Structures are given as C-alpha cells and as structure tokens.
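Chain nomenclature is as follows: A, B, C, D, E and F, assigned in order of appearance, with residue numbering initiated at 1 for each chain independently.
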C-alpha cells in the first residue's frame, strides 16, 4: 500500500498498563499492531514504521538519545526523567489507563501532617523521586526522599512518614486510611518526539500523518453520528439545537415536506439532545457509531 | 451537562441475572452505570439519578413503599409480590435474560398427572408460592404449595408431586424427565414506577426522558440502517420493497441517473430484503449498525 | 418471516478450528446460528435451513454422498478426499482461521535434504497422506508416506525424515529447527455443494441467496464507510482521490458552498487516504463501520 | 466388599456452600462420593447407601418426613425449620465452611440502635425469619420481620432498620458500616437423623459405622503422628512432655541405648512441643500426616 | 546419583489424555518428569533415561521399529497397530484416564440393529478401523468400515448405521440415544517394550528397576498404613481380622499390657475394618497415607 | 497455646515471587499465615509474632533500621542494599522460587564482547546497579551502569551493550540470542536478622524456635520415611545399605524370624535404594511422606 522508501519511523510503544490501550488506539487509527508474547519488537502493517516496546519510565530517555524518533509515555515519567524532547500531543482518551493519572502527597489520616510544610526533616517514600524532590524544593521543604519498589501506600506510618503516589480512584488511599495533602501532578499520555527527527522532512511528514490518524480515532471515541428526518419548516429550530461541531448535512427526501439532517455530536450530549430534537419535530432519529473523525 | 437541581430520581437496578444486561441497556441509552464489586449504590454519570441494586423479588415492594421512584423487575415477581405500582413499559430485548421467561407447571413424564386438576391434594414445590396459589385457585384445585429454596426441578417425584418453575430452554425439564402440564405465566422485564412519583412533574418528566432513551436503545438493538444506490427509474420498485418503518431518505447522486436511498429496517428482514433489492436494481447496498433510534 | 415450504437446505458447518468464525460469519450474514455444547445439529433461525456439524476432513465426503446439500471446508481437505463436488466460493476473510493456510514440506535445518528430490526412499510423516502422495508423484519421487496423528513437526529427524504439515506463522517450524523445502498447497475456506442439489431450482435459489449474504458480510469485513464535507469547488479533486469501488454519493448541504460525499472504501486504504482528502479540502471526515455490502 | 442386603441408608448431602467440604469429608472417611454436574443423586461406592443433594434449608424438613434417614445441615437451618429430628453429632472441622457460622443482629454504626430493645416497632430484614422472631420473642420485643432474598447487609438504613445475618469474618459488616448488637446464634454442621430410622437396627448400625468413619476423618484433620529417637535414660522426661491423647508407643532400637517413641498429637501443639522435645534429648523427630484416627 | 554410563533407556511417554497421569505416575515413582509447553523431549532427572512424547496411537509402531526401548500406551492402540512388541505390565491405576476404557459397538436405540449380525452390508464409523474389522471377521459379518475423525457418536443414523467407539461413562451414548450392541474391547494402559531392548542386559535391568518403582507407586495408590494399640490378650483376634497382605508388625509398648500392630491394607477395606478392629479391642487406630509399597 | 507476654517478634515476609512459597513454608512449619488481598499485615496464629509484607529489595534496609527484627529476602537484594544485618540461615528449598537464582552478565551472541574486560566504556543495563558496579570494580573495568525498569534482556544491542540480569532457565537469554559472559552471583533465600534483636534474649529464643520449625519443614521436603520387614539374618546387609542420616529403628515382629526397620532418607535416593533393599531381602517396603524432621 505504502511504497517502501527504506526509511522507517521508530515509535516507542509503552509497555505495561498503557500497552493494551495503545494497541487498541493504533488499531482504531487503522494500523494492525501485533504484540506477541515474548518479542519487544511488535509487528505493524506499515513498512515505514518500526515499533519497540519500552517502559514508560524509560521512554523519554531513549527518545532524547535518538534511539527512538518518537514514543508514547505519561507526562509524569516525561517530567521525572527530565529529558529534552518535544511534546506533540496530549492523547487523553476515555479508555482504560488513558485518562488522567493523579500523583498526590499523602499521610495517615490520624497523623499530624496537614501540608507539605509539616514534612520538614521527615521520610517520604515514592516511585517518583525527582518529581517529589522538585515539589519539595518549590515549597522550600527539606525531607528525606526514599525510592519505593512498590506498595508505597502501605508504608505510613511505620516505613515512611508520607508518600507521593498515584491515586486512581482514591480507594487505595481510603483502604490504607491516608489523607491527601497535595496534588503534585496530573498526568496524561503524551506523544513525544526527538528534536532532530522533527527536523527531518520525511520523518516530520510521516509523524504528522500518523498523528492525524491517532487524533481522528481519539476524537471519534467520544462522538456519534446523528441522522434524522425533520419537517421542512422545523429545519431552523432543529439546526439551532445542534452543536456547532462541523456543519450539519441537510438533504432532501422523497417526500419533499421533509428534510434529512445528519451531524456528529459528543455522545454525552445525546441523552439531553434526543428529547429536545423530538420535541422540535425530528422523527426517525438514528444514532450511529463512528470509527474516526477528522474535523 | 445536566444542571444539578438537587432533585434525584431513585431507580432500582435489578441484582442478579438481569444485572449485566441492565447495565448494558443503560450504557446503550447513553448512561455510564458503574456497579462496583461490593457497593449496592452503583455510580451513574447523571447527577439527577440515584441507583440502588435490588433483587427483582423485592423490587416491587420497595417501589410501592416509595423507597424507589421506579425500577426494573420481571412481570413474574411484580405479580408475585402483588404490589400496587404502575407499569410503564415492557423492556423485552434480544439480550441475555431480557427475553421472555416462561413459568410452567410440570410433573414427571411417567407420573399420572396430566392437568392441574389431577393435583388435588398433592404437594407442589415452587419459588413462586403466590403465583402458584393464584393459578390453583383459578382452576379450583386445592393442593399443598411448598416454598422451594432452589433446584426445584429435581424434586419430583420424591420431594414433590409437581412443580411450578421457570423453563428457559426446556433442557432442564428434559434432563429431569419432566413434562409440562401448563404454562402458568410468561414474563418479561418491566419498568415500574411509584404512583406518587408519577404525579410529581419533575420526576415524571425525568422518567419520560430516561424511558425515551431506554426505548431508543432497545429499538435499535433489532434494527440496522440500509443505504443503497438505485437507478433513478427503479426508485419506485425499490421503495415498494422497503418496510413502512420511517420515511426512506432519497438523495441525488453526482451521477444523476442514480439516487441514494437509505432507511432503517428490522435486522431480521435484511436477509430476505437484500436479494430482492438487488434484483430490483439496487447496487452498493450497505448495512450499518445503529446505536439508538427514536421513531 | 420465510414461509415454511417444508423444504430444507442441509448445510455442513465445519467443526473445530473453523467453527467459531463460521458461526460469526453466519451471524454477520444475518442468521442466528446456535451451537450448543453437545448437539451436532445447531439451531438456526431459518426454517428453510438445517445445519449439521461435520469435521472439515469429512465434509466433502458427505456432500458428495448427498447427505448434505452444501458445506464449508478447506481447499486442503477438499482435495485430500478427492470428492466430486462443486466449489461455489472462496470464503477467505480477515478473521481467525479464515485466512490462507499453507501446507509445506519441511525437514531439519541441518539435514541434507534441500528439495523433494532428495527424499527418494525416505519416510515422510503427514496428516494429509493423499496430498503428499500426489505431490511426490508430480515430482516423480518415491517415498514412504506415514499417517501422523498429530505433533508432526517434532518428528524429524528421529521419527521421520521430512514432513508435510500446516505452517501458520512459521514459528512452530522455527521452534523445531525445520526448513521449508516446498509449499505444497495454499488453502482457504470454500463453500462446496452437491451437484444434484444445484440442479434442484429451490435449493439452487436458496443457496444463492445465502451465498449473497455470506459474501456481503465478508466484503464488509475489510471496508468502512467514509463521509465528508467538501467545498463545492474541490469536489472533482476529492472524487479523483476516491477508489472506484461503487459510485460515491454526493449530496447538497444546507450551506450551498459545500457538498457531502460518502462512499465505501477498503479499511486499509483509509490511513493513506485521510491525509490526502484533508489536503484536498475535505473536512468533517467521518469513518463509520459497516455490517454488509452488496456491490 | 459390603454384601448387598437390598437395604439402603438414605443420606441427605447439603447442596451449596457445604457441598465441596462434605464431599471431601466422605472421601477422607473412605467413601467415593461423586457429584456430577446435573444429577441430584450423587454416586457413592457403597451399595448400602443412597445419597440425595438437598439445600441445607430444606434438609431437616425432609429428614423429619422420613424421605431421608439422615442428613448434614447447619444448626441454624435445623432450628429455623423447627423440625422434630435427632441430632447425632457436631461435625465442626477445620475446613472451608465447616467452621462456626455466627448469626448476628446488626444496625448502622451511626444509628441510635444499641440493643434489641431499641428495635421495638422497627423493620428487620433477614433470611432467617423464624430465628429472628424467636429471638425477638425471648426479649419481648415486637418488630416487623421481612424476608430478605439476599444482600441483607446493604439494606440498612434505607430498606431496613436492622438485620439478622451471617457474619463470617465481620468484613462485610465493616464494609457496610454496621455494628453488631447481639449474637443470635452460633451454628456448626450437624448430622441429623429421623427418629424412626434410628429404631431400625440395620439403619442404626449402618449409621453408627458411617459416623465412626466421619468422626475419624475429622479427628485426624487436626492431628499428626510424631515419631522420635530418645536416649533410653531420657524416656521419662520425653513421655512427660507428650500429651495424654492415646498411649505413646515405645519401641527398642538396634542401638539399645536408644528407644523409639511415637504418638499422635494436635498439630497446633507441635510447634511448641518440638523445641521442648529436642531440649529433652529427642533426635530424629519426624512428623507424619495421618488420614484417620479412631481413639 | 546414578553414574552416567553413557547409555540411555528411551521411554515413550503418551501424549494426550494419558499424559498428565503418566507424569504423576513417574513423580510418585520418584522421578521428576518435566513436560514443557512446546518440547516433545521431556526432561527427567535421571541421566540414564531419555523420554519422548508420542501419541498412544503411534507408540507401538515406534517401539516395534526400535526407535524407543519401551513406552506406555493403551491395549486398544497396541492391538490396533498390530505391532510386534512385548507387554511388560498392566498399569491400571485409580487415577484419571488410567482406568479401564471400554470400546463398544453401538447403534440408535430405535434402530432395528440388535447384534453385530444385523450389520451385514452396513456402514460402521470408527477411529479404530483395524479393531472393528477384526471383530466383524470373528463374527463373519461383512460391513463397510469408515474412518471417523471424531464425534463418532453423533453419526448414526444419518452418517453411519453403527459405530465402534469408546464409552467412558455411557453418558455420551445416552445423550445421543445409542444402545450398546457389544463390548468389543476393554483396554488399560500397558508398558510395552522392544524385544531386542529386552535382550540387552543393561536395558533389561534398568527397565526392571523403573518398573519396580512404577508398580510400587501404583500399588500404594490404593493402600494405606494402619497402626493401632491392642491389649495384649486381644492380639490374636485383631491379627485374624487383618488381611494377609504382608506380615503385620507387632511391637511392644511402654505399657506392657498393650502391643502396637501396624500393617498395610487396601484403602477400600478400611471402612469395613475399622468398626471391627475397634470392636475387637483396638484403640488409637491411626490411618497414614503411603507413597510406595514394594511387597 | 503460647502465653501472651505482650512481646512480638516482627518478621518481614517477602512480597512478590517469594510470597506464595513463604506462606507455604510457614504453613508446613506449623503456622497459619493468612495474607489477605489488600492488607500488608498478614495474620498469623501466634500472638508472639507480627508479620509485615515487604518487597525483597527493601527487606534488608528495614531489618537494618530495626523496623523489623528479622525477615526473608534473597542474598542478591541483601548484598545489593549493602545493609548491615545478620544472616541466620540459607532457606533454599525445592519449591517454586526458593531455589538458586543466578545473576549473569550477558551480551548478544553475535556481539564482539567475550568477557567483562571487553565492556570498558560501554553501557550496561541492570536492575542491580550496586551488584554490577562491584563486579566491574573487582575486574577493574569502567562502564556506564544504567538502571533498568524491567525487560532488561531485550535491551541489547540497541538500548544497551550488555546486561546483568537473572537467568532462571536460560530460555529467556536464548530467546533473545544472548550469551553469558559471567556468573555474577548465585542467590538463595536467606533469613536475616537485626543485630540488636539478636541480643535480646526473648527475641533470640523466639527466633531460634521459629527457625527450628522452618528448617524442620525444609528438611522434610526432600525426605521420606521408609519402613520394611527384613529377615533377621539379613539385618546387617540391609542396615549397611541405609544412609547414615539418623539411626534406623529396628523392631521385633510377631513372626520372630523377621524384624522391622524404619528410617528417614533423601527422597531422591529411594529409587536407587528400593531395588537394592529388595535384593537384600527386604519385603513390604513402605514409603511414607513426612511433614517435618528435626535431626
């Protein structure tokens, strides 16, 4: 399909919690990305792309070194490594692990610690040592930051005074009777790129085209297509109800007293929109799923 | 999206066999209903709704008492409780456990019992004691009705003379060598509501809007959208083949000798319709899935 | 829906690796095919069809005998049995086990065997004894062909000198350090029919209609519908980009300076097409999934 | 092995949570009890026994009616039915679901209810209506007892004021923020029998022999065999440390300056006993598992 | 442990239904046999043994050819291949798939076929073509025997008139409404060996030692050790009750009025023996599991 | 059972791959250690012990700090942390993950690197940065050691020149075409303790008793008890065959021409021993499993 120019864009695919959704994102964008059990070089049905599975924690480092042209990782690990790379897009999407991840500073509910200021001289356990040190420095607090190999939330009060950790639903904090002192960072998945790669025209162009497809799939994930029959004289009323996203398509019907209107809307607005459209005269309102949308 | 008026519609979600499909029904209707492992108060992304998980057997009782404004339960348990509530809709749908449930009176194949009349003075085991007693009364038969804690179909002939039980595919009856004497009740899922709640304008309006979405999702579950290119002079022939559901949309094409016709039809009719449409001159016939339809 | 004429088309459904996808194919074609655990007579919601589960290896034999009117099996087993039946269609599709199956002749990487000629007088293990004997005969080689009950690929060099076996991804060959000497056959699923059945008008007609639906579902599996808004004066440029499959539909919009163009394209071409369509002026490009297409 | 006298002892095997352990108990007692998926008449390799699977809730009723000679059920359901049967043995054992089950009266932590006295006129939800009514009567409290079809612990405070329910680890109560007002009953599995069956010499004798084996298996489940070599002159010290359960066996060794002592002890005492035995001179102390013990 | 003489005994391990139990049998005999997912050369912790996984259907062929010194397969496949090998032992054991397998000739319950004589000129489907032909020849019946690739029991009456197939519990026959006409063969797992290998002293000796361990493990699987304390004057009575298997061990106790008796018995006899031993004066009767027994 | 002195020994239980086997080890030693899903404070049925789940990587740090009295971790992580603690025992056992773990330095098979000397100035990826730096220092090599977050074995040659990683079966190295340059460390599970805790008499004594039980369970895991009947005049021959572990017990039998000999031996030696014992005259040789042995 695509001619083999011999060139390849090297994309870092995040291994671990982001992996399944990344695979699905590429699938929705039109690529068949196959990650087999053992190999760290997933197959992709585009001869101009080479993929490598990399831990999110190491992604930015290898993009910075130029081993990869680009990659997907969380903002959290991007900042943690402090690597000098370009951020191309926020890929937040309503799929598992592609939402917002919140890093919080927390301590025992019954501890005397209420703000970061109270942690002067204390021990803080975290997987994100750099992020924590920067946060402490911003608040001019000096504390001992210890790297935690996991299960960070169970460490207070015996193994640490406070922690900086990810809080997904807050249920793990509650289960361990921890209170949140501060939100340290809100992170989402990002597409990052190596600066030199972006200056290469072929790589830049290829990357832009891949990004258009990824964004098209993400945009479609929260939208649906609505089509309806509307009495000709209700057209304006109905059009007024529809959101401004894209120009609604108005077509004539066999029965000239009706028109057909179709448009794309946020799925979440549909449940409010349908009763109003019906009340405005629309009939035969059909909602269809969509795969991609490029606005 | 929806303003928080402070009011909430209390909806009873049926726990157990109806639960998964009910969750899916709400999802298709546009609501994100999250039932977490332990909690009986599922989250829903509509601040005007509060959900509670309730066994179908107890649903009508709590709707009647006004603890709930409305709820979903089977016609069987609705009648069994004898509660004074309003039936708003039959939610039968082609999804697991949302079809018709049949309660039958059955006895051993080799027993002398042929009709309910033969059970005078006998023991009948059932989970639906009320339904069974009413059925016996209608047929002027007196028998001993014993509550069964389950596995009712294995009780004849040692532990009971006959049973009244649900027969899904009949395979359990066959496996236990039981014959059906009568169909006692055919039940489907129903949306029921508290009478007082229906008199409250805000609740009534909210409930109507929710019901429109539920019905739209159920209606869509058995339908698809068909679009096709038709030579202009075959238009009438093709339109004559299409069912009357909604007005078909006829649009002009770049090539003026053709028109485009699209409509929504029952999925089951498609396999008969396609060969006829093709024979009538339609080409490029495309079938698309739909999420919802409000006729 | 369909009148019960009393006649039935007997279709053989392949048991085993093709089974799940065959069920799905019928589902996409509009039939509800239910294969319950124990029964070999799956239910189908068409009173004019009777289904029987049969191993692919035995399918052609029973179609030839007229026990079945038609059935689905692989080209490999069709040839292996050498049965005298009609091939109606190649049902290759992008679903599990419905792709191309490759039978290869292989020997140990470090063996002296480089072509079939080197196997004169040797032992060859295979599940397809007939196919192997024919291949040897074509190459005028005489060798001992032994029926293998499975695990054929582990037999060289101790239990056999070479094998003829299915190579799906080649990974099993690599794992057993085997090299491919020849491709003996490339096989795909076929719809086959009994010659006498095809001469019966009712059976022929019924089979044609079923086949149209099966093909419609297969064709849809690799395609999507694209719809977009295009400035009126970019119409020609955009139409020139679209593939020739079917006539694109061009409709007028409320805003007369735009038109709406929709068409069906190969899903694989979308990722190349989208950037070009966008560059040509198309906006609000929406990709929708389709269930069936009859061209 | 056992002659077929034509007589059979009918034993009720409890279906549900007690089922797996009951099967294991019979296995350890030397019987092969096979419960196949669908049948309610498990096979047992003793032609003098016939087994029937019965819900614990219904066991006592059918034993009382004489449909069964004996059966295993919990004390809770035995009392709930109020059936007139004989209790032959408490089968409490350290296996899943064969321990003590505690029924408690509970209310919301933040409710005003502190004792049963506070529930006068209130609604109490429970699966054990009879047990609850008796408990209320004993405390001269009148309250409305409603049958609960399950998930009883989530009912307060909306659907009930208090509950009577099983509390296994207390974690379900904690998760629902309930406090325990009273322990209503502590229940363990019991072997019950029909009075008339016990008067039949053959049935009585058969039942006694079965019970000896069940008890032997239960007794062995918490015990182990200990064997050790002891210097002849330390014999008295070592024997003094051993518990009185059974007479320790003392044997002579090849080396006459040592004796061998073996005995059966509670497994829980072993960890305290071993260091003491070693200190007292015992060497080569070996602990062996046992299957059954008849003291 | 064992010196590496460089020689190896090649043992064929049956792949498929016998595999798991064979692994367990070797484990109980004291060997660690590791079958990893892909390899057909299981590891065993004895440098004098090499194992190869082989289908039971092909085992005898490869043992006959001398590719293997010995192997485990069923009597059925041994006879089916007609290979010239030595049968060393019947390995029947009370473990899954190591019991007796029964091959039966069966036809539809409502068919006119009552004995093999009625099948003259009919079609018989079977996986064991050789066994079936021999059986027909013995009864002087001529019929068409067709190889069946599986699901043989569903073939009558459409695809075959009768079948010869394995009947494990008879439930598959019942489910397909088949009646048994004859038992054609009762088969158990056998250890077979190549005649030449048996003449080699090293191989013969190694094989004898392996077989002693396999038999020791099988013998132990149905037996237990019983130990008890017996009043000295009851010794004779108790000894008379014990089966003759091995000589019971009688030891003196610290308390000289008692003796200790221990012996090995069939586990199945324990449930009859215990009440009798107790009645005869034995106390502290302990049953212990055993791993192996060499009588 | 044990008096509650109020004191508690704090034991660190390793979370992760060692966890399941550690739980089993404590169970075999006589303790009921319950690790529930969420809690990091497992319950143990000994009021003198408190357990905490800790990652092996952090175990030594917390034992050194005195937060724990003792804990189980691998020698690898003990050295990696460089913590100042006491090693009490090597707990190597034939259970999953309790065997020897080997850390190796590896590079691509086709790379020019043959020994650590060749890595001067190169990049080495590893999870054990300290261990790797020490190893390099010992060999006077300077290289860049990068912390790897996992999947270390796939990094050469793109992301690293060589690695230091765990090699369990070598299969992961082979799959990634890596060759081993050096074994850097062989590690087994160790019981470590805080020096101050060991000076406290109560803690020292408690720890000694726990360790005796742990060692007793580990010792038993590779041994079995053998009992046999031996003709009196073969006694010396048989005793000569038995290993020196413990003194064999020789008892008299009812039939005075025989004696009974029992002893404990390595399970692995049984398969060599049994044929020899039988040849030496032993009969009724019984092997029994054992739970613990304290020599």
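Here is the rule we go by: contacts are C-beta pairs under 8 Å (C-beta built on N, C-alpha and C of every residue); 3 or more make two chains touch, one makes a residue touch a chain.
Not measured: the values here are computed from a predicted model.
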Those chains which touch chain F and also touch chain B: A, D
Steps needed, at fewest, to go from chain A to chain E via touching chains: 2
Most distant chain from chain B, judged by the mean position of its C-alpha atoms: F
Most distant chain from chain E by Cα centroid: A
Interchain centroid distance [CA atoms averaged], chain A/chain B, Å: 37
Distance from the mean Cα position of chain E to that of chain B, given in whole angstrom: 53
Junction residues of chain F - those touching two or more other chains: 251-252, 288-289
Touching pairs - complete list by chain label: A-B, A-C, A-F, B-C, B-D, C-E, D-E, D-F, E-F
Complex contacts: residues of chain B adjacent to chain D: 15, 38, 40, 52-55, 57-58, 62, 67, 148-151, 154, 158-159, 175
Contacting residues of chain B [partner chain C, same complex]: 224, 227, 229, 251-255, 258, 260, 267-272, 274-275, 277-278, 282-289
Chain F residues touching chain D - in the complex, by the definition given at the top: 1-2, 29-31, 45-46, 208-209, 212-213, 216, 220, 225, 235, 239, 246-252, 264, 288-295
